Every structure is written in structure tokens, then in C-alpha cells.
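Multiple structures follow.
Next come two complexes, and both contain chain A; in the first it sits with chain B, in the second with chain C.
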Partner chain A sequence: MTTAIEQIGRSGLRAARASQDTLTFAFRILARMFDVRAYNSAVRMVLINQIYFTSVQILPLFLAVAVIFGAIVIGIIGQYLIHLGLFYYFGQLLMGFVVTEFAPFITVLLIALRSSSAINAEIAVMKVNKELNTLYVFRIDVINYLFLPRILSGILSIVLLSWLFSMIVLASGLIFSALLFDMSMNDYVTALLASAKFSDLIVMLIKCATMGFFIIMIPIRYGMRATDELTSIPVSVLQGMVNVFIAIMIIEVVSLIVMSLIEKFI
Partner chain B sequence: MALKTEWKVGLFIVLTVLLILAGLGYMAYKKGIFQPENTYTLSSRTGDGLSVGMPLYFSGFKIGKIVELELSDKGMVMIKITVPTQHAKWIRSDSKFVLEKPLIGSPKFTVTTLNLSSPLLSSNSIATLKEVNDINDVIQMVQPILDQVAMITDNVERLTGSLADPKGDMSRILKHSGELTGYLSSKKSVLEMALGDEKSVQNIHASLQNARNITDQVGQLLKKTDEELYGKDGIIPLVIKILRELVTNLGKIGITLDNVTKISSNTAEATQDLKLFRSEVDSTVNSLNRLINELDKKIPFKSEPKIKLP
Partner chain C sequence: MYSKEELLDKELYEIMTQEKHRLGLVSMDAPLISNLSVLSNIALIKQYHGRLSVREAEDIARMHLEKLHLDNIAAKRNPVLLEMQRFSVMVLRAVMVEDAMVVIDRPFKIMPDLDDTRFIHDVLTSVDDLFQECHVFDYLWNEKRYTGGMIHGA
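Up next is the complex of A and B:
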């Protein structure tokens, strides 16, 4: 019994310590992010490459997913609303669910599956191969050179791709609502505009940026935890990805709370 | 390769940002963010049901919103509303601002304008916000009914109290009813129940027997009377016979009367002749009188009249 309680306490302390380490690391990265001296030509080059790998390379797949998912989601939502006699809320559901929730979630999921895991593995391999030590020896700041461009790329990619996803879903929604529900373009746009709120879009923007920050920072953090053994690489990737999903869920919940508070008080 | 990557990334960022800005710009334009707005001030007794951002409706269309709520020095709630210039034409000096508080649902802030030719509402003037409160109206309507219900409840309570009271009227009635039904149930017949005395019932039976005897006697009497009246030698046939004879005699009397009538008419005619004869006699007598008078004047056969003295 005592051992079990000790085990729980040990796990709790470990989790608290890990969270503290992660947050401390996050603050270090954030502090560096607003330091203009950090952005030298090498960093800019890495940043461009990272944006290319994270956003541009994924674009064809991303656009296809956006069109397919958008059509499916709008079709299902529209059908349900018609069955329930609530088609009046079609615009609200598109803006409230598809744009502010669904689009960021799918984008984050795609980026996390593709880029976060890759970055986690990359950092872990660098750690195992002692490349990070080499950078230390040559007095190259790993935060500036390795981490900052990747995290900035993650933030930028999630924000831009989420908005792009929303635009594509709404555009495909226009076509599919005309085909499936005989809805005119004017009615569709009016319904969307009536439900669109700038406050929701700002919360969505902040949420995307926060998610972009954490889904790259957490894999970096766990990649750094890899030991000198090659077998530690998959372990660090696994732990990193699990924590990425936990972080996504936490951010989703926090954003929902913030949005409801804004709705209530503003 | 580097140039190509940079170009692709640049193009991606620029196009995506442009797309986002275009979308946001369109949304802002359609929502009237760039449109100039007119600000109006309203006053209200209470700020209950009002909130910043609350939309203002005209004919069911959202034309503005509340942007500020504050208390004046006199304790009145000052409401600042903004209305895009394109919708300012609906707000006139005689427009009515109403806060509708329905029984169910959230309050609705509306403006109604009956005369669209009235001058536009000035931004400096302070219009009054009227409150339409369905809940209070309903309570006001329901209050008399509730009072009556309270009275009825009071009466019912009093009645039930009276019913429950062992010394109350109802208990006494029930007790008496119980005694009465018990008393009635001990009787042999309904008549005994009604009279309450067996001797009286026997008397009634005896009376009924007497009445039956009397009825029998009356029946016999009537039978005898019938025979005397309508029998062969009864009174009625005799009367009929007499009446027939009387009718015959009356016929004879009728003839006699006809004769009498004729005689009387003849007598009337004779009377006429007598009248004529009499008139002739009267004229003759008159003539003789005149003659005698004449003679009397001319021949003095009479002695002189003597005057008798006293």
C-alpha cells in the first residue's frame, strides 16, 4: 500500500518536474524568439528550409485533405441539421465548428504526424551522434540555430495552413451546399458572415500559434532527452508524440474555455 | 536549390497571407467595419436587460448595437448606440426605442419609426428607451386571479377545518344522518320509516279498508241511480217524452201566435182609421165650439154675471 502511494507520488513529482522543465524551456525559447540578434543569415536559411519542409512540401496532400474533409464534414453537418430542422444554424456551425475547431485540429494533426515526429527523431539522432556536442564545441547556439527556426516554422505553418484549410473548406462548402442543399451563394455567404466574429478568429489565431509552438517544442525537448544509445531514439519519439497529443488536447480545452469566457463577458 | 526553396516558401507565404487578408477584408467590409457610424444616446430608468454589444433591430434587421452603458449624475442609465450611416435613415426624431423583455427568451432592443418623413434624429439629442416587460404584464394580469385563488383556498381551508372539527356543524350533520339511517334501517316498511310509529301504520291500514268499503257502497249506489235515471221506466226517458210533447205543443202555439200577429196588424190598421175618424170628429167639435162661441157672442141668453162680493 505504502509502495503504491510512493509510486503515485514519485510519478506525480516526475510529471511536475517534467512540466516545469518543459515550461522553463518554453520560456527560454520565447525569450530568444523576441531577441532580434538571434536572427542571423544562417538562422533565416534554416527557417526558410523548415517552412518549406513543414508547409510547402505538404501542400498538395494538405489541399486534398482540406477539400475531402471539408466536403464530408459540410455534407454530414448539413444533412443532420436538415433532419433536425436546424438548418438555420448552418452558418454558425461552419464558423463555430469547422473554422475555429476543425480546421486547426486537422492541420495540427497533419503537421504533428509529419513534422513533429521528424523533428523529434532528427534531434534525437543528433543527440545520439553527438552533433549537438559538436555545435557546443564550435560555440554555435543550438537554440538559435536548431530550435528557434523549427519552432517559428511550426507556428507560421500552423497559422497559415489552418487559415488556408478554413478558406478551402468554406470554398468547397459553397460548392457542396449549392449541390446538396440548393443553397445560393448569397445565402451561403450571408449565413457565414452573420456567424463570423472577429473575436473567434483572433482566438483561433492565438490557438494555432500556441499549438504550433508546442507541437514543435515538445518533440525537440524529448529529442534532447535521448541518450547515447540508438535505441533511445524511438523511445524519445514515442514519448514526444504522446506529449504532443496531450498538449493539443490541453490547448483545445483551454481555447474553448477562453472562447466561452469571451462570449460571456464581451 | 536554395533559391528555388526560398521562392516557393515566399510564394506560399505571400499567397496565403493575401488570401487570409482578402477573406478578412471581405468579412470586415460586409460587416460594415469600414463604414462610418452615427452615435446616438438614449436614456433609460434601468439598465436591466441591457448589455454592451447588444444589437439594435429595425423591422427584424440588425442595424446597430450598444457600445457603451453608463450612469448619469441623475442616476439615469445612458446608452450609447452606434448605427452605420447607411442605416441612419431609419432613425428619426419620433422613432421609438423599445427594450422588449419577453416571458421566455432574451431581451430584444428594437427601434420603430412610423413616419419616415420626420427629421433625422440628432446625435446630440437624448431619446428615451421604453421598456416592455411581458413578465410584469403577465403578473399584473394574473394577480387578481391569484387573489381569488387565495380566497378560495382560504375558504376551502376553513371548510376542511370545519369538516375536521368533531364539534363542527358537518360532524353533527353526519352524526344525525348516522342516527337517522340507523333508526330508519330498524323499520319494517317505508311507511313506518315515514311515520315512525307502527300504530299509525295500522290506523292508516284501517282507514284504507274503510275507504275501500265506502267506495264499494258508492259503486252500488251509483248503479241503482243509473237504473233509476236511465232505466226503461227511468226519469230521463220520461223527461224526453215530455219534452217531445212540449215541442209539438210549441209548434201549435207558433201557429196561434202567427194568427195573433195577423190580428194585431189588422187592429193596427183599424187604429189608423180610428185616428182619422177621431181627427175628423175633433175638427167637427172644434167647428161646433167655434159656432157656439159665435152664437154666444151674438145672442145674450145668459143672465148678467153677478159679482160675488166677500
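Up next is the complex of A and C:
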């Protein structure tokens, strides 16, 4: 019994230490983000490349997913609301669920599956190949040159792609609500505008930025944990991606709590 | 010239620590960045420390690549380079450091097929206006491969 309790305590302490390390690292990156001296032409070039890899290359897949998922979700939601006699809440569900929850979640999942894993593997390979040593020898700051542009591109990509996803879903909602539910454009737009809350949009923006920050920062951290052995690369990617998933869940829960508190007090 | 790896590593570490602000290291332990082209690898130093724009830094890098007749590999990346090309690019990257002190760590580890140091000498001579001093670290048993008295024993 004592051993079991000790084991739980040890695991708890390990988890607490890991969280503390992650947050300390996050604050170091944040501090650099607002330091103008960190941005030279090399860093800007990496940032542009990363935005291209993260946001532009994914566009064909992303647009297809947005149209297909958007149509399915709007179709299902509309049918259920009609069935329950609650079609009055159609606009509220679109704004409250699709725009503030569904769009960021699908965007984060797509970016995490594609870019987080790639960045985790890239950093781990650089570590194994001693390329990080090259940067150290030539006095090139690893945080400024490697981490900062990737994290900034993650934040920008999640924020912008979430908005794009929302716009596509709402646009396809306009078409499907006219085809399936005989809803006029005027009624649709009025329902959406009546349900739009500025506070929800701000929380969504902050949530997207936070997710963008963590789903790139965590894989970088785990990539850095690779040793000199090639076999440490898959291990670091595996651990990084599991932690990215946990981070997404934590941010989702925290944002829901914040939104309900705002709802309660404002 | 050193008889043991530990002695060489110790001495190398000391010089790297003392001269870190003007160190231009050519070593297997400081490889070219594999997701950058040859041109970007060389230009990176000027972009970062000289705060030059991408175009300015790449123009300088291209000019030096042309000097070594390597302009045909500017767009290539590290894994596809031949050993001698890789060495030349590493030297060019090293001399991009301001007032560079070039330190070549075990050149025959980078180019195992080389018989002597004539090629190393030729590369260094073509860029001798870009660095202040050069040190080569190697093992004692490679002494015979060093010709022309270019290397002073440490």
C-alpha cells in the first residue's frame, strides 16, 4: 500500500516537474517573441518558409476537409434541430459550436498531425546529426533561429486557418440551409448576426493562438530530448505527439471554463 | 598533431572556448545544416552576425563559391555533396565569420580518400584574404600526409 502511494507521489512529482519545465521554456520563448533584436533576415526567411510549409501547402486538403465536414455538420445539426423543434437555435449553434469549437479543433488536429510531427522529427534529426552543435559553434541562437519562427508560424497558421475554416463552413451553411431547410439568405445572416458575440470571438482568437503556440513548442521540446542515437528520433516524436494531444485537451477544457465564466459574469 | 583523441579534443575545446567570437570551425562535429542549400549555409553567417539581407549575404556567398569554381553546387544540399565539395563549403562558411580564426578539425575525417594536404592548401589559399589565422588539428600518425610545411605542430 505504502509503495503504491509512493509510486503515485513520484509520478505526480515527475508530472509537476515536467509541466514546470514546459512552462518555463514557454516563458523564455514568449520573452524572445517580443524582443525586436531577435528578428534578422535569417529568422525572417525561416518564418516565411515555415508559414508556407504550415499554412499554404496544407490548403488543398484543408479546404476539402472544411467543405466536407462543414456540410455534414450543418446537415446533421439542422436535421436534429428541426426534429426537436428547436430550429430557432440554428444560428446560435453555428456560432457557438462550429465557429468557436469545431473550426479551431479540426484546424489544430490537422496542423498537429502534419506540422507538429514534422517539426518534432526535424529537430530530433538535427540533434542527432549534430547540426544544433553547428549553430552553437557559429553563435547562432537556437531559440531565435530555429524555435521562434516555427512557433510564430504555428500561431499565425492556427488563427488564420481557423477563421478560414469558419468562413467556409458558414458559407456552405448558407447553401445547405437554403437547399435542405428552405432558409433564405436574409434569415440565415440575421440568425448568425443575432448569435455572434464579440467575447466568444476574442476567446476563440486567444484559444487558437495558445494552441498554435503549444502544438509547435511541445514537439520542439521533445525533439531536443533526442540523444545521439538514431533510435531516439521515433521515441521523441511519439512522446511529443502524445503530449501535444494532452495539451490540446487541456486548452479546450480551460477555454470552455473561461467561456462559461464570461457567460456567467458578463 | 596529437597522439591521442582525448588530448586533441581537450586542446580543441580550449581554443573553441577562448576564441569563440571569431571561430570558424571546419569539423565533422559542425556539419552543414541539411535543410539549407550550400548557398544558404554560407550566407547564414553573414545574415546572422553581419545583419545583412538575404540577397546581400547570398551575393557574397555566391561570389566566393564562384572563386572556388563551386557555383554549380550552390542549390545543392549537404547529403548529395562529394567529400571535397563538402569540405570546401565548410571552409567558405568558416571564413564568413568576421576576422575568422579558421580551425580545421581532423580534415582526413571529412575527406578520408585524400592522400595529402595539397587540396586543403589550395582551398585555403583561394580564400586567404578572408581569414586571419588557421589551425589544423590532427593525429600524429597523419603527419606524413601533411606536405609543404603548411601545418605547424601543436
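The rule we apply is simple: the second predicted complex is superposed on the first by the 266 of 266 C-alpha atoms of A that agree within 3 Å, B and C clash if a C-alpha of one lies under 4 Å from a C-alpha of the other, contacts with A are read in each partner's own complex, and residues count from 1 in each chain.
Heads up, the rule we're going with is that a contact is a pair of C-beta atoms (placed from the backbone, for glycine too) under 8 Å apart; a residue touches a chain by one contact, two chains touch by 3 or more.
No experiment lies behind these values; they were computed from the predicted model shown.
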With the two structures overlaid on chain A, would chain B and chain C clash, or do they fit side by side? fit
So, does A:M45 touch the first partner chain B, the second partner chain C, both, or neither? both
Touching A:L81 in the superposition: chain B (first), chain C (second), both, neither? neither
If you stack the two complexes on chain A, which partner ends up touching A:Y145: first (chain B), second (chain C), both, or neither? second
Partner chain in contact with A:E122 - chain B first, chain C second, else both or neither: second
Taking the superposition on A as described, I'd like to know which of chain B and chain C A:T134 touches: first, second, both or neither. second
Between the C-alpha centres of chain B and chain C, what angle is found at the C-alpha centre of chain A, to the nearest 10 degrees? 170
Please give the nearest C-alpha separation between chain B and chain C in the three-chain superposition, to the whole Å. 10
Would you please give the residues of chain A that touch chain B in one complex and also touch chain C in the other complex? 45
Across the complex, what residues on chain B touch chain A? 2, 5-6, 8-9, 12-13, 16-17, 19-20, 23-24, 27-28, 30-31, 53
Touch list for chain A against partner chain B, complex: 45, 48-49, 51-52, 55-56, 59, 156, 160-161, 163-164, 167, 189, 193, 196, 198, 201, 266
Within their complex, state which residues of chain C touch chain A. 16, 20-21, 23, 25, 27, 29-35, 44-45, 47-49, 51-54, 57, 93, 97
Could you pull out which chain A residues touch chain C in their complex? 40-42, 45, 122, 125-126, 129-131, 133-135, 137-140, 145
